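Read from first to last, the chains carry the letters A, B and C; within each, the first residue is number 1.
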Amino acid sequence: MAKMIKETEHPLYRKSNKMRMERIGKWLTFLSVALTATITAAILFLVFSKGVSTFIVNDGSVKEFFTGTTWNPAEVNSLGQPIIGALPFLVGSLAVTGISALIAGPLAIGAAIFMSEIAPNTGKRIMQPVIELLVGIPSVVYGFIGLTVVVPFLRGLFPGSGFGIAAGTIVLSVMILPTVTSLALDAIQAVPRSLREASLALGSTRWQMICKVVLKTAKPGLLMAVIFGMARAFGEALAVQMVIGNASVIPHSLFEPASTVTSILTMGMGYTVMGQAENNALWSLALVLLLMSLFFTIAVRMIGKGKSS
Amino acid sequence: MQSVALQPVTMKTNRIKQADSPDLQYSSVLQTTNLSVYYGGHCAVDQVSLSFPKQSVTALIGPSGCGKSTFLRSINRMNDDVDSCRTEGAIYYEGVDLHSPHVNLHEIRKQIGMVFQRPVPFAKSIFKNVAAGPMRYGVKDKKELQRIVEENLKKAALWEEVKDQLHTSALRLSGGQQQRLCIARALALQPSVLLLDEPASALDPVSTTKIEELISQLKKDYTIVIVTHNMQQAARISDEVAYFYMGRVIEHGPTEQVFTNPRHEQTAHYINGRIG
Amino acid sequence: MSAKRKDQLATAGLYVIVGIIITVLAGLLGFVFVKGVPQLSWQFITSPPQIFKEGGGVGPQLFNSFYLLVLTLIISVPIAIGAGIYLAEYAKDHWIIRCIRVLIEVLSSLPSIVVGLFGFLFFVLYMGWGFSILSGAFALSVFNLPLLVRVIEQSIHNVPKSQREAGWALGFSKWETITTIILPAALPGIVTGIILASGRVFGEAAALIYTAGMSTPIIDFTNWNPLSPTSPLHPFRPAETMAVHIWKINGEGIMPDAAAISDGAAALLIISILFFNFTSRFIGNLLFKKMGAN
């Protein structure tokens, strides 16, 4: 017993407030993480619950939503269901996303190859900073230039007003080009030097080395870069809305006014009243947008996982 | 929490009073009994019992992977932060069981200082590197901090080289200077034991000599345990040597005896450069 | 065709691609500057917009953009630093943590219009803040958080493990080590990241049209009492930013010089982004040099 008392006098038994600070710190930082995650969960929950109310509260038909071509949620059809044919928007969104990926993807990968393999010095010192700068240009600026340059240009070349999927695609392609280039460059630069040298040492030309070694090894990363660009294009609202013409029909050509999911959301949300069928139908579109962005995220993750294993 | 918690710690300990107690009479400040350390299923240190006499230098030698660094790191419980690591046996510091749940882990590390293989200065000024510890322990007075910094930089034989650039970044110093700065930083907390984990192995010969001279100086005030791969270094600076092999201590004794007349053949082989 | 010939053709093709890209991007920047910079004047930057006639400026919009940015940073930076610390230093490989990481990644990939709609629902309607600076700042914070968290976590992660051990060996608790050693060492990366994120926040419009609103009431720049409704600082007034203004006047602007104003505003926006970009490089380098780590 006497020994116990003696022992507790030793400075090593001195209590300090460090452990309490440690606990407080750990909890505070955990709360920040939890808050961020909770916000995401709240967004998912809110958009989901509002998005399905079209089908649950207003008796909208899921089939009509995905296949119908008439969008007039304020009215009901003969079955008493709101008219919510969202196909024109879905087609519009998929078209601008797909075509701009087809345009921007190869250009971006070409540029990345150039910056990494052909002219690494110019690439690193001049092009890379410029590309990084362009990643930061606000999308409204792209939309504005589309409106003042691309639309009049198309109007001069093709019949129609110039607004339409073609204009939207051009704007989006230019907009995602820096992002995709920058990510593609990362993917290509991650290919080990030794692989390239081995290929060149075996007598390959530079182009053979690029095709057989660099592109092959970097393929998952390049795919991720393009999907990332597609996710951005699909979710872009204002730049597209400014040039696509905002007609809720399926266009017959790329040069006729059309709509995307985001453009209709941007236009409509301010003119409808919360809780009404028209408004709920817009939230269903928001849900589609959210699900597509989840889909892109999952795709990127899957490719990333496949790459690492 | 008690208000005691916040009180600034004066740099005096009541070590001497402790030593008077008949229960706690000991010749060594630090000792381990049957200390074992496991990483997952692997036994890195196997039932090591060693005692370290006051104000002496003990060198831990042995081939790579023999557990000497792990042993060193378990003394100030640095291995606590490794998830898969488990420790058995006991470590006594001034008679206190360091594994007792009532012991304050941070006090242990304050009293048992440690210097690593590679110099790890903080990305701060030289002054702030040395003052970091005392400031954390409540020394606020500027004059007092200046005194502490000067005193410990002098102890670490660095003062003359850096006294005019105390407020420049510590990262600008050479490797050898950085290592001495790390020693000064550890000394600033007034530890009684210093654990040195191959402190000179990443340094050039001139810096190594300086560190060795420094260790011989510090011996007057501190109990030093040093891990080294360099036999000449062990012979030059240590009073006692413990030879580790496969997690066990094969031989432990006064340096002169171990180096000139080892009891185990294996020790002789290692010292003569046939193992490791 | 021989391999050599193919190689030459492919190289030529790459040069053409890069030529196209450079032309497009240079043309884009050139267009904005050539048309926009002549519009810039002190009067344009400071005076309020005109609805029906020429000669309006973007003074309030410019102020709103900066005010929203500052509020957004005040809200999001502390949370992001906390979250970054936890994820980099405390988080173990546990299923809850993995879920949280996925959620943060999902948040970073959500279209900004979705974030804006969430802000509309939650801050504008549910919290009852209306179209206001506060709603906008919170929506932008949600938009900004995931990116900031990632940058900060990465910067903290890049500090070598040995620095942590050195701190622990001095008897510092984990928390003390983080706050006094790791965070200062990670500062250049964190500051650079925050400034770059600021550029993104500054140009964001989709998240704002349904939160901060598309109008600015008449504000009196001599009244700095945040509680007064005409004060620029009043948190519950609607606040159209530069980016939103560009979008709005191109859709429904009826002033005769809408195009000229958009030109000027777009140039101003890009100049601001350039400014953020260079500042982040400059400050990052400065901090790096000051710490002597080079």
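The working rule: contacts are C-beta pairs under 8 Å (C-beta built on N, C-alpha and C of every residue); 3 or more make two chains touch, one makes a residue touch a chain.
Fair warning: this is a prediction, and the values are worked out from it, not measured in the lab.
The most central chain, judged by the distance from its Cα centroid to the centroid of all protein Cα atoms shown, is C. Inter-chain contacts peak for the pair A-C. Centre to centre, using the average C-alpha position, subunit A and subunit B are separated by 53 Å. Inter-chain centre distance (subunit A to subunit C, centres taken as mean C-alpha positions): 17 Å. Centre-to-centre separation of subunit B and subunit C, using mean CA positions: 48 Å. Residues of subunit C in contact with two or more other chains: 173, 176.
Residue positions of subunit A touching 2 or more other chains, listed in rising order: 18. Among the residues of subunit B, those touching two or more other chains are numbered 106-108. Touching subunit B in their complex are the following residues of subunit C: 160, 162-163, 165-173, 176, 180-181, 184-185, 290-293.
Only residues 1-2, 4-6, 9, 13-14, 17-18, 21, 23-24, 93-96, 98, 102-104, 106-108, 111 of subunit B touch subunit A when the two sit together in their complex. Looking at the complex, you find that subunit C touches subunit A at residues 3-4, 6-7, 10-11, 13-15, 17-18, 20-22, 24-25, 28-29, 31-32, 78-83, 85-87, 89-91, 99-100, 102-107, 109-115, 117-118, 120-122, 125, 142, 145-146, 149, 173-176, 178-179, 196, 199-200, 202-206, 209-210, 243-244, 246-247, 250-251, 259, 262, 266, 269-270, 273-274, 276-277.
Against subunit B, in their complex, subunit A makes its touches with residues 2-3, 6-18, 20.
On subunit B, the positions that touch subunit C within their shared complex are 76, 78, 81, 106-110, 113-114, 116, 118, 120, 122-124, 132-133, 136-137, 168-172, 182, 185-186, 189.
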